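Each of the two complexes below includes chain A, the first together with chain B, the second together with chain C.
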Partner chain A sequence: MADFSFPYFYNYPPYFTLQPVRDTREKQVELWKQLILKYCKHHKYFVVDLEEGDFPLFANANIDRKLTYEAREVFLGALVSEGKAEWMDKGHRRCLILWRRIQDWAELLLSFVRENGMEDSVMTLEEIMSGDETRGSELAGIDRGVLIRAIKILEQKGKAAMFKGQATDDDGVKFSAH
Partner chain B sequence: MEGAWTRIMHSVQLTSSGRMHLQQGEVECQLVDAVDLDCEGGAGWTLKTGLLTLTTHRLLWLDEKGKKAWAVPLGAVGQLYAVKKSIKSMFAAPRMRFQAWTQRDGKLATHGQRVTELVLTLVFRGQSGVPDGFVQRFAEVLQAKAWQQKRLEESPSGGHKGAGSSLETSVHKRPTVSTLNPAMAGVSGILRKEQEQWEETDKNLHDAFQDLNGLMSKAKEMVILAEKMRVRLLTGQASTVEEEGVGTNQEMQDWMLSVGITSPVTKESAGALYHQQLSRQLADFVREPLKRSGGMLAMVDAYCLFNRARGTELISPEDLLQACTIWQTLDVPVRLRKFDSGVMVIQSKSQSDDEVFLRLTMLVSNGEAEKLGISAAEAARALGMAPALAREQLLAAEGQGLLCRDDGVDGLRFFSNFFKDINASTIFQES
Partner chain C sequence: MRRRPGISGLQTAAAARDQYRSLGENVAKIRTDLMKEQLATFRNQLEEFARKHKNDIKKSPAFRAQFHSMCAKCGVDPLASNKGFWAELLGIGDFYYELGVQIVDICLATRPHNGGLLDLEELRGLLAKRRRASREPITEDDCLRAVSKLKSLGGGFEVFTVGRRKLVRSVPTELNRDHNLILELAQVHGYVTVQEVENELTWKAGRALDALENLMREGLAMVDDGHPDGKRRYWFPCVGSAATGTEAAESVLSSPN
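Moving on to the complex of A and B:
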C-alpha cells in the first residue's frame, strides 16, 4: 500500500492546538475533517478510539505535538454532525468513520456481485470481508457492522437475504440481484 | 470688540494636551473654573467663562474650549481692591477688581513699568462667593515676587556664572561681589567659594526639612537643586566632584530625569477641576515614557513613574484611572486602551493597532519564526514593550485572524495564520 501523503500543514504546530478564534477554528475543523476521512479511507480504518490515543493521525512525532482529547472530540463531532461519522457509545469514546455512506457501500456490494456473476450465489460475511473473491477490491477489509447495514439496505430492496449460521462465522447472505 | 485684549494681554503657549506652558520656576497656586476677565475703561472688553489659574508668576486665563490662553504677568498688577460688600453684590456674581499697568507698547507690563492704568475685574460665575483664600493667595504671590527672582537669576552677575556649580539661589540672595576680593582669588579662593556654597546648600536642605511649612517655602530652592543636579549629571560634571557616588551616575541620572513635574496639579490647587487638570498633566507626562516603551505603557508603570515625578503630592490609583478615562473627552494625543482580557494600558494615539499588527506579521513570517513561531517574550523584545503588553498585542492580532497559536510544551507561541491561506475545498483534491 502506498504511503499516505500528509498535507504540508500537518507539520505546523498550530494545526494541533485547538484555535480559540472562531474563523480560524472553523477553517481548522474543516481541514481536520477532510484529513480524517482521507486518512481512514487510505488505511481502511473504520473505528477511531479516542481514549487509547493510538490512532496515529492524531499525533505527529516529528514536531512532538498531539491533539488533546477535547480537540479529537471536536473534530470527530464535526464529522458526526455532517453524517460522515457516528458515535458508537454515549460517552463518545469510539467513533465509526463513514468515509463512504452506507447506501454507497450497498451499491458497491451490488455492483461487485453483478460484475462477478454471483447474482444468485451465497456468501458468508467473512468471505466478503476477507475472502479470496473480494481480495483487491474495495470491499476487502469492510467493517462487519457497516457490511451488515449495507446488506440490510439490499434486503429492503429485495436484492439480498441474510441468514444465520450455526456460528457467527457462518452468518451469510443470499443474493438475488437480477 | 473681539480681540481687543490681544493688544493688551500676553498670549500663552499650550501643550499638546491643552495645558499651559509654565515658565521656569513657575508654580500653579489655584485654579478656578468659569471666570470672566473684564477690562474697564479704555477699549473695554470681556473674556467670557474661562479657566483661571493663579501661578507664582502670572494670572492665566484659558478659554472654555481650551484652545487659547492669555496671561496677566503679576509684574503688571498694582493694587488689589477690597471685595465690595453691598446689597447689589448679593445679587450679582461675586467679583474682585485689581489694578494693572501696561508698558509702553500697550501690553501689560512684565516688570514694573507703569505707563497706563487699567482696572481688571474677575467675575466668578457659578460660585457663591470669591473662592476661599483666593484673594489671600493672590496677595501672597504678589508679595513673594517670584517672577523678579527669576529675572535676577537671568541677569549677568559678574564671574559667578562661570563657576556654575552652585545653587543660584544662594548666589542671588547675597550681595553680588563685583569688586575683586583678594580672599576669593586664586585656587584657594575657588575652593573657599565652593566650600561656602556647599555650606549654603546644606543650610537650605536643613531648613527645608525642619517642618512642612519650611519645606513649602523652600520648595522652589529644592526644585532648583534637583534641576541643578540633573544638569550636572547630564553634562558629566559630577565626575569632577570626588565622591564615591560616581559609579552610580547612570542610576542617579535616571532618577533625576523622572523628577520632572515642578508644578503638580493638586486637589488643593485645582479643586473641582482636579481630575481634568490631572488628566491633561498626565497626558503631557506620559509622552516620554511612551516613546521609550514602544508606544504602550502598563497602568502600573504609569502610576509609579507619575507618582515618582510628583514627589510628595501622590495620587491614588483611582485618581489615575479617572484621569485616564477623562482623556476620551479631551483632545489629547494619548488614550486608555482596554484589552479583551481586561488589562488596561496607556497608548499613544499615533501608535495604531494596524502598525503593531503589521510588525507582528512581519515578525512571524521571518526565517526561523515561520517554523517555530514567537513567544510573548520574543515579541516584547522585538517591539520594545513589556512582555505582558506584547502578549496582549499578540492575542489581539490572533483575534483579528492574523496569527494562530501553538499551545505546546514550550508554552504559548504564535504563528502566522496559515489556516486562512488554505483553500479547504481544493487542498486534498490533487491526490
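Moving on to the complex of A and C:
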C-alpha cells in the first residue's frame, strides 16, 4: 500500500489547536474532516477511538503536537453532523467513520457479486471481510458492523438473505442478485 | 509743439501690432510644427523599436524592465490604456491584465489560509506553476506592476515591505506600525509569543497581546497552545516557511471547489 501523504497543514502546529476565530475555525474543521476521511479510507480504519494515543492521526510526533480531546470531538462531531460518521456510544468515546455511506457499501457489494458471477452464491461474512475472493478489492477489510448493515439494505431489496451460522464465524449471506 | 494723435499714426501703430502678432504666431507655429514633427519622429522610433523588439519585450523579463524604465523616463506609460497603440502593438497591456487577473485569483484562493497576506516570492512561485513552464518568466518587477494596476480597483491590493520580505495584501485591512513590527519579528520562526514581542520590542504588558489578538481576528494569525512549554504561540501563515506556505496555497488552488 502506498504511503499516505499528509496535507501541508498536518505539519503546521496551530492546526492542532482549536482556533478561537470563527472563520479560521471553520476552515480548520473542514481540513481536518477531509483528512480524517482520507486517512481512514487509505488505512481502512472504521472505528476511531478518541482516547489518547489510540488513533495515530491525532498526534504528529514530527512537530510534537497532538489534538486535545475537545478538538477530536469537534472534528469528528462535524463529520457526524454530515452523516459521514456516527458516535458509537453516548460518551462520544468511539466513532464509526463512514468514508463510504452504508448504501454505497451495499452497492459496492452488489456490483462485486455481479462482476464475479456470484449472483447465486453463498459467502460467510468472514470471507467477504478477509477471504481470497475479496482480496485486493475495496471490500477487503470492511468492518463487520458496516458489512451487516450493508447486507440488510440488500435484504430489503430482496437481493440477499443473511443467515446465522453455528458460530459467529459462520454467519453468512446468500445472494440472489439477478 | 505737441502733436495730436492723427489717423495715420494710429494706423501705423495698429499695423505694427498686427505684424508683431503674425510674426509671433508664425514663430509659435513653427515651434509647434517642429515639436509635432519631433514627437512624431519619437513616436515612430519608439514604435519601430517596440515592434522590432516585441518578442524580446514579451519574452525577456530583463529587457521588459529596461523598456519600462526607458518609457518612464520619457513620460510614456505603455500600460496607461488598453486601447492605446501600445496595447495593439505589443499586447503588453494584455500581458499585465492577464497577470493581474491571475494574481487576484491566487490571492483570493489562498486567503482562507493566509488571511489575505501573501509573500511575493510565494506568489511568483504560484504564478509560475499556474502559467506553466512554456510561458515567459515572471519577475518581481512584473508582479509589482500588475499589482499597482490592481490598486485602482480598490479592494486594497497593495505590496508592502515587512523586514526583508515583500507581502501582497489583498484585504483592505489597515496594518499599523505595531502589526508590521510583529510580522517582521514573526519572520524569524514563523511564530511569536507574547513574551517575545514584549522583550524584543520593549513594549509594556497588554500592547503585544492587543496587537496579536487583533491580527488573529483579521485571520492573519493562528494560535498554537500545543507546545510542551505551555506558552501560546501565534503563527503567521503569510510569513510561514516558504515551503509550507506554497504547499498550502497549491493545495488550496488545486482543490476542486
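The rule is short, and it goes like this: the second predicted complex is superposed on the first by the 177 of 178 C-alpha atoms of A that agree within 3 Å, B and C clash if a C-alpha of one lies under 4 Å from a C-alpha of the other, contacts with A are read in each partner's own complex, and residues count from 1 in each chain.
What we mean here is this: contacts are C-beta pairs under 8 Å (C-beta built on N, C-alpha and C of every residue); 3 or more make two chains touch, one makes a residue touch a chain.
Nothing here was measured: the structure is a model prediction, and the numbers come from that model.
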item: Fit or clash - chain C, chain B, common chain A; value: clash
item: Touched partner set for A:Lys27, first chain B, second chain C, both or neither; value: both
item: First, second, both or neither for A:Ser5, with chain B first and chain C second; value: first
item: First, second, both or neither for A:Asp64, with chain B first and chain C second; value: both
item: Contacts of A:Leu35 with chain B and chain C, given as first, second, both or neither; value: first
item: Which of chain B and chain C A:Thr17 touches, first, second, both or neither; value: both
item: Chain B and chain C contact sites that coincide on chain A, given as residue numbers; value: 7, 9, 12-14, 16-17, 19-21, 23-24, 27, 64-65
item: Partner chain C, residues of chain A touching it in the complex; value: 7-9, 11-17, 19-21, 23-24, 27, 64-66
item: In the complex, chain C residues that touch chain A; value: 112-113, 191, 216-217, 219, 222-228, 233, 235, 237, 240, 244, 247-248, 251
item: Chain B-touching residues of chain A, taken from the complex the two chains share; value: 5, 7, 9, 12-14, 16-17, 19-21, 23-24, 27-28, 30-31, 34-35, 38, 64-65
item: Residues of chain B defined as touching chain A within the complex; value: 373, 398-399, 401, 404-409, 413, 415, 417-420, 422, 424, 427-428, 431
